[in-house]
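Each of the two complexes below includes chain A, the first together with chain B, the second together with chain C.
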Partner chain A sequence: MDSTSLFPLLVSFRLLLACIPLHLISGLQHDHQLSSPLTSYSRLKEGLWLYSHNIDPYAGGVFRHSPLFLSIFSTLLPPLPIVWALSDIVGAWALLRIWRARQRVGKGSGGRAGGLVAAAFLLNPYLFLPSLALSASTFENTAVLLTLMFASEGKPSAALLALAFSTHLCISTLLLLLPVLMLLVTSPVSQLASPQEFRGDLRTTCKYAGQFVAYWLVLLGASSLMVGDVYCEQSYRASLTLPDLTPNPGLWWYFFTEMFDHFRPFFLMVFSVHLVIYILPICIKFQHDALYASFLLVGILGIFKAYLTLADPGLFLSMFALFPEVYPYLRHPIVTTLVHIHAALLLPLFHALWVTEGRGNANFYYAASLVMGVAGGMGVVDACYAGLRIAFGDVAEGERNNWAVVQE
Partner chain B sequence: MTLCVVQATPTIPQERYHEDLTIRPLTDGKVVTAFTFTTLLGGASPRDPRDAESSAQHYTLFPLTLGQILREYSVTELHLSLNAGKWNYNSWGFPDHPSVGTGAELWAWMADGGPLSVDDRWMGLRNALAGLFCASLGSLDDRRTSSPASAFPLSSVPFPHDSTPYALRHATLPSEHVCTENLTPFLKLLPCKSRAGLARLLDPQRVFDTDWHGLGVHVRSTEAGIELRLGAQAVFDPVRRSRGKRRDWSFQSLFDRQIDVACPVASSSTIHLVVPDIRGYNLSPEPVASNDTVNVYSPTSHVPLDIAMSWPEEHIFKYPLPPPAPQTPLSVKRTLYGSSQTRGVLFVSFSNNDHSPITVGYLETLPALVTLWMHTMKVDVGGIARDDLVSDMIYHPPLLLANGHHGPSTLQTTLTIPGKSTLRLSVDVSKTFLKYTEHPPDAMRGWDLPPAVLFPVLLLLDGERTNASLAGQSIPKRIYTPTLLVDLPTPDFSMPYNVIILSCTLMTLIFGSIFNLLTRKWTIVKMHD
Partner chain C sequence: MDRIWPRRQNGNVVRLRRRKNATALIYRNLSKITTALLATGYLWMTLIPIPPLSQGVYIDENALQPAQVNTNWNWQDVHQADLYLHHLEGLRDKNATSEQRASFIRDEFAKLGLSAATQNYTFMTPSSNITGINAYAILNSPRTPGSEAIVISASWLSEVGKEPYNLRGIATVIALAGFLKNYSLWAKDIIFVIGDNYLDGIHAWLNAYHGTIPQNLDTDLLELTSGVIWNALNVDYSGHSFSHLGVFFEGLNGRLPNQDLINSLRLISHYTAGVPLVLYDHLELHDAPQNSLLTSAPEFMKRSPQLREFEHRARNVKRHVSYQARGRPSAPHGLFHRFRIDAITLYAIPADGPHGFFALGRIIESTLRTSNNLLERLHASFFFYILTTPATFMKIGTFLPSAVLVAVAMIFSGLGRWVEAGWVQESSSELQPQGKEDDGKAANATIATVATLQPTWRPRQRPVIPVITTICVTHCIGLLAFAMIDTSCFLQNQVVASWILLIALGLVPQALLTIIPSHPPETAPFSLLLQSFNLCLASTVISITSLLNFSLAATLAVTLGIPLICSHVFFRPSQTSTSHFNKPCQLAVHAAYWVLTWGWLLLPQEVEKAVWNWEVLGVWFAPFVCIVYAPLLMQAGLVGLSVMNEMLLG
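On to the complex of A and B.
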């Protein structure tokens, strides 16, 4: 089966899922693994209700979505599941286009592998479950993939606009700014096996950075015109100060639930700075392959982001499909997969034991979220290793007992 | 000496003190008693907050401690109630003092202006009252304060000279419990304390043993002057005291005391006994006045006074079956259901016991512990959605305050309940995850949510509601629903160090592994020589 028939099949499957009556899957909407206070569907509906009743939706700390959602869903169309399905399809299409750009295959060709790339996105349970729960993280992921797609295809304005949108939806995506700028001035084609120095034009990079800032400010200005500057307060600051301690698979919520009050600002700073720390080393080390650098940073976000949902590690796992060349160099893909499955089964179970059944306590869920963190960490570390290891090639078959490639 | 001062100051206001006791024996054997001690400070008016100078305060009957607080914070109108128990409107009817919400309730109207803001004065007022009444009123902070002006309207006479804006501050603390330490300062505000007059009957041992008991302090300014009404209500159950046998009662059996001394400074002292419809009882002594429904006694002329009521024909008291029809036109039930610790449904049902429709205001004030999902609000009568019965809906989300706290969320609407039917209102709620330091020491007990309030509304005969029979009537007094208990999800309280250690370990593990990979040099080594 080639991509020309597999992709339409997946699309129709996804559209079919969108037709499930909402009340059958309403349990998903309240699931803390699938949507966070920043992305949950019931909060979106509440925001729309408040907005239509002329109450400031950002006043109560309930609604933290972008004002763009308010304007789209209150004027153009109601928040129907089909919108999420379409966003998923666009995301899969963008992933496919990135893959084509990286493999330098034309449209229509690529065969079966192209279809598998789309399947890696559309059939990833970490991605389609949040999408069925109508979490706004679906739109964030699609915006990230569109950014990378336009950047891979060498369309700077479109890429920077898409990046401005995804940063507008989720401030943590700002981490991807540097690799996207690098990707714009270099090529998406895999350079992992033959690392070279960064040869992009620095002046052009700065120009693009300015362009991004301009787009972002325009979006912020548009939001401010619509609802005032409370949006930044409610959404951007929420990612930095964590006012809502609803549990999620990430590391922040229990840490700051249990944090002593006087250490809280310090550790909030540590957790935020810790995210930023990864940008430079990864971009320097992978300066020859900016797409791979952005892939690793997506993986970092999928572990350490504030208000993490399963959609964040899900994006990282689906993006693995873009880099088939590193598969032979992964050290423990099966163990990582098993730990992921372990965490994915434990999280809903322990969540239910704690808050629904009342038989477990918060530590159960915290332990499961730690396992999730371990799984995410194993994936990123392994991807990082494989991306570096590939440059040293293989030891010849007969010499494996005598020679090995190691780090000093 | 004191007398000289009083005579030398012509502006000393005329003070009058009345005391009143209303007793209502009910068909189910309970006895509702309501004490009202009214002190009128004739010719006085509340301090204008813009007046800087403070004149000396001389009172003979009016309590100085309370007068000083009212003066300091220039409070125009003050209502404080401390209650324990759930007022059973269906069997006991409307209470004589309408503020019967469980726990502490404080609301004050204050004129705006002057150097101190209304919120500053509100904070000072509640702290001063907390000291005066030994109650935790200090915790009625901005997390619990709202200003629902239509439910708690200004009943005082405003300043005559200009249109000063007035501001309302209202707060409830449902977990506050009234006890002896509140009654003692309460009795100290009376001119005769508990040594004479009707207050003689307020024996803490007995009052706090009742099914329902509450204290109230109500200050308002009238045309005649500042009026202070101190109220104490209690619902006694003589059947319980007689081990389920008889409903006979007397002052001696209810209060363990009788009125042996009249309060000499009381300008009037009356006892109203609302006689039951059913006959077959004996009453002693003879009332000084009576009509079909009320007997009046006067402890000033009749000391010692011990009113006793007995049913000599009845050997064993039987509870009336079936239970008597509800005493109020409207019955309200409020529940919070849902087994999850994260979500639930707030469900309120309003039953109209009358044949004509009733229109009431409904006020829900919830601390930010629970979030109302307003888009899920449903109103139905007999399973059929009736959004047309809801009007004038005002919703305030829990506002983020400057100190990082969230204020309460308030939902206020006007509901019209059709005759002889039940209107059901449901809203989804979600429960907040709190920091471990924000939980009380007994975190598993849960949090009390304040009662919802039903209040009378003025039925405007205009436009849409020209048909008065459609909107029907309203209720005569406020109705408080019982409080609710909400269990919030709790973290583990012994874990702070463990969580810091484990989370940080995981972060450093990943951070270290990645930087290890990124910084170390790759080489090819020979495995063995």
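On to the complex of A and C.
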């Protein structure tokens, strides 16, 4: 089955699912694995209700979505499941386009592999379930993929605008700014096997950075005009100050429930800076392949982000489909997969043990989220290793025995 | 130890080499490691009843203060209970309808001055509709706004002993209602529930109380409600008198109540009423009749106190596993567990004496006083335990590793298969072309000659997509089988339908095998990859279930462990007769896998009960067996069949 038939099939399946009201789906909306306080559908609806009744939705500390959602869902269209399905489809399409740009295959060609790339996005349970739960993380992921798509296709303005939007939806995406700028001035084609020094034009890069800041400020200004600047406090700063400690599969919430108040600011700073630390090393080591660098940073976000949902590691896993050239060099793909399966099963079970059955406690769920963190870490480390290892290439049979390995 | 550090820069080489050697060592001894892990796991499981693994129970929650109060339940109240019993016996002898019974009980509650009501319910199940009427009453707490509550319940029927009606239990509850009302010390509302039938009455009441009415239950919300229920005691007193008090504690889907509740009851029953507490209806060691396994054993074994102790504990553990693994509530209290309520059943073990209403009333009164002391839900003691005797228990650390060790053995062996699938051995000379076929397990004869040549290993591709598809298909077949079993027409013609389904499902692996594309010669064989995935998946299932429901995980470890690890060996034609494969032996292995996978279909009562439990109570056991357990074994059977095929095709 090639992409020309598989992709429409998946799309129609996804649309069908959005149209059928299933009993099971309504239960997903309150699942802590699938939506966080920043992305939850019930909070979105509450915000919309407050907004339509002329009450400041940001005043109560319940609504933390971007004002963009307020404006779209209160004027253009109501928050129907079909919007999430469409966003998913756009995301899959963007992933397909990135893949085509990287493999340098034209539209329509690419055959079976292209269909599999779309399937890797649309059938990934980590992305599929949050989307069914109507979590706003679906839109965040689509925005990230659109950014990378435009950047891969060499459309700087569109890419930077998309990046401004995705940063607006989730401030942590700012991590991707540097690799996206690098991608804009280089090519998306795989350079992993033949690393070269970064040859992009620094001046153009700075110009693009300025353009991004301009877009971002315009979005900020527009949002402030709409709801006043309280929203910055409620939605932007939430990722940095962690006001809502609702459990999620990430690593932040438990740490900060246990924290004495006077240490809080310090550790908030440590956790936030920790995320930023990864940008430079990854971008320097993978300066020859900026798309791979952004892939790794998406993986980092999928482990260490504040208010993590399953959609974040899901994006990383789906993006693996873009880099088939590294598969032979992965060291332990099956072990990573198994740890992911364990984590994906443990999270809902331990959540139920703690919250529903009352025979476990928060430590159980946190232990499961640590397993999730380990699974994510193994994926990133392995991807990093394989991305570097590929440059060495295969060793000829005869040569292997008298080969002294000197790494570092 | 010869440390060779000739030059500084060789440190990395040494490190890498050491790592490589360690990996090679593990891989070389993989079968030994797996065997050792399996043996340890199974041995540990059989040693669960030995006394050194258990420890004494203790009260962990200081607020409970069990058996520290003077009880006021007196002969006057016993007389009241006798009067109620007399009326109830009249109703039983008249074959009174549910409605008559419920209205009698409601009226009695109302006469005592409590707010009382009844609840009609109907469960629609594939086999039949179950209707009934519950009666309940609420004693509002004189001291608090009634944000918390304790439940005392009794069902109309009893299923443990010989006597089918739980009349004395109900009489106790009504008499207690009248008695407890006279005291102003209750800090929680007390709810009295008399459930119709055995399990479904209480289940319908609980669902209506919590507003979680499932689609197949037809009932209204309750007229009277109270606060959050923290604890519940269910009374089962069906005999004439009792000698011991038995405690039942397993809940729905294997949830156990907080151990403090059981420990408090044990102390109260011992110190307040002088009634010994036992587990289930298993009498104590020295009181138990000699109907044990040891009766046919030689005299010296029969006398051995250690063996008798072991046997006694093993009986308790076995009973526990039989309830917990099937997710079945051991008595009506188990239904409360779904709603995060710690509940137990007090079972008065029928005997000629010496105890009756007097002792039971005092025990319940004192237990209620203990529960009344709680300022927060029971949380301190243990939720994961095995009670080996009423006074000793096992912590999770002393039994969980047994199942996890088996799971680790399975995942190791699965990963070993994965590595094996990734490489093909190539002999460097043309002398031994057939050495390739044996998947690196060259027969002894070939090894001798190959050993002189340097064998080289070449990586090969591992096509995973057909394997993943096969796994998904088997689980879908399991789902289909469950959907078929869960219909009324299956349950009505159960015997015929079981046989048809059994034979149809037995043919599925054969049918699947014909559609699986044969692998290109340069890629890994299908059977190896399928076995690898099968083992990893089964191991994941076992290790994850082990915390939720240890009994189920242990059962899975026993039934899946060896059949899955050895599936490629059992089906392999014996090496001595390489030309023909051994027909009768193959058939026997085939039949054994088939019976292990779907043989339970031929236990009509078990199947019916499991389906009923799923439909009415929401016990996950039936779907779990169909969708997880059976497909895993089906995959193992498929591994065996494809091994056979691959051998035949050369």
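Just so it is clear, the second predicted complex is superposed on the first by the 396 of 408 C-alpha atoms of A that agree within 3 Å, B and C clash if a C-alpha of one lies under 4 Å from a C-alpha of the other, contacts with A are read in each partner's own complex, and residues count from 1 in each chain.
Everything below uses one rule, namely that a contact is a pair of C-beta atoms (placed from the backbone, for glycine too) under 8 Å apart; a residue touches a chain by one contact, two chains touch by 3 or more.
Keep in mind the model is a prediction, meaning the values are calculated, not measured.
By the touch criterion stated above, A:197 is placed in contact with neither chain B nor chain C. Touch criterion met: A:257 reaches chain B, while chain C stays clear of it. In the superposed model, A:356 lies in contact with both chain B and chain C.
Of the two partner chains, chain B is the only one that A:370 touches; chain C does not reach it. By the touch criterion stated above, A:385 is placed in contact with chain B alone, chain C being left untouched. Touch criterion met: A:59 reaches chain B, while chain C stays clear of it. Residue by residue along chain A, chain B and chain C are tallied for touches, and B comes out ahead.
In the superposition on the C-alpha atoms of chain A, the part of chain A touched by chain B in one complex and by chain C in the other spans residues 356, 358, 361, 404-408.
Taken together, the chain C residues at the contact with chain A in this complex read 9, 12-13, 16, 255-256, 258, 337, 340, 377, 379, 383-384, 411, 415, 418, 456, 458, 536-537, 540, 543-544, 547-548. Chain A meets chain C in the complex at residues 334-335, 338, 341-342, 345-346, 349, 353, 356-361, 397, 404-408. Touching chain A in their complex are the following residues of chain B: 339-343, 368, 371, 373-375, 393, 395-400, 406, 409, 428, 432-437, 489-492, 495-496, 499-500, 502-503, 506-507, 509-511, 513-528.
Looking at the complex, you find that chain A touches chain B at residues 30, 32, 42, 45-46, 48-50, 53, 55-56, 59-62, 244-247, 251, 253-261, 274, 277-278, 281-282, 285, 303-304, 354-356, 358, 361-363, 366, 370, 373-374, 376-377, 380-381, 384-385, 388-389, 391-392, 395, 401-408.
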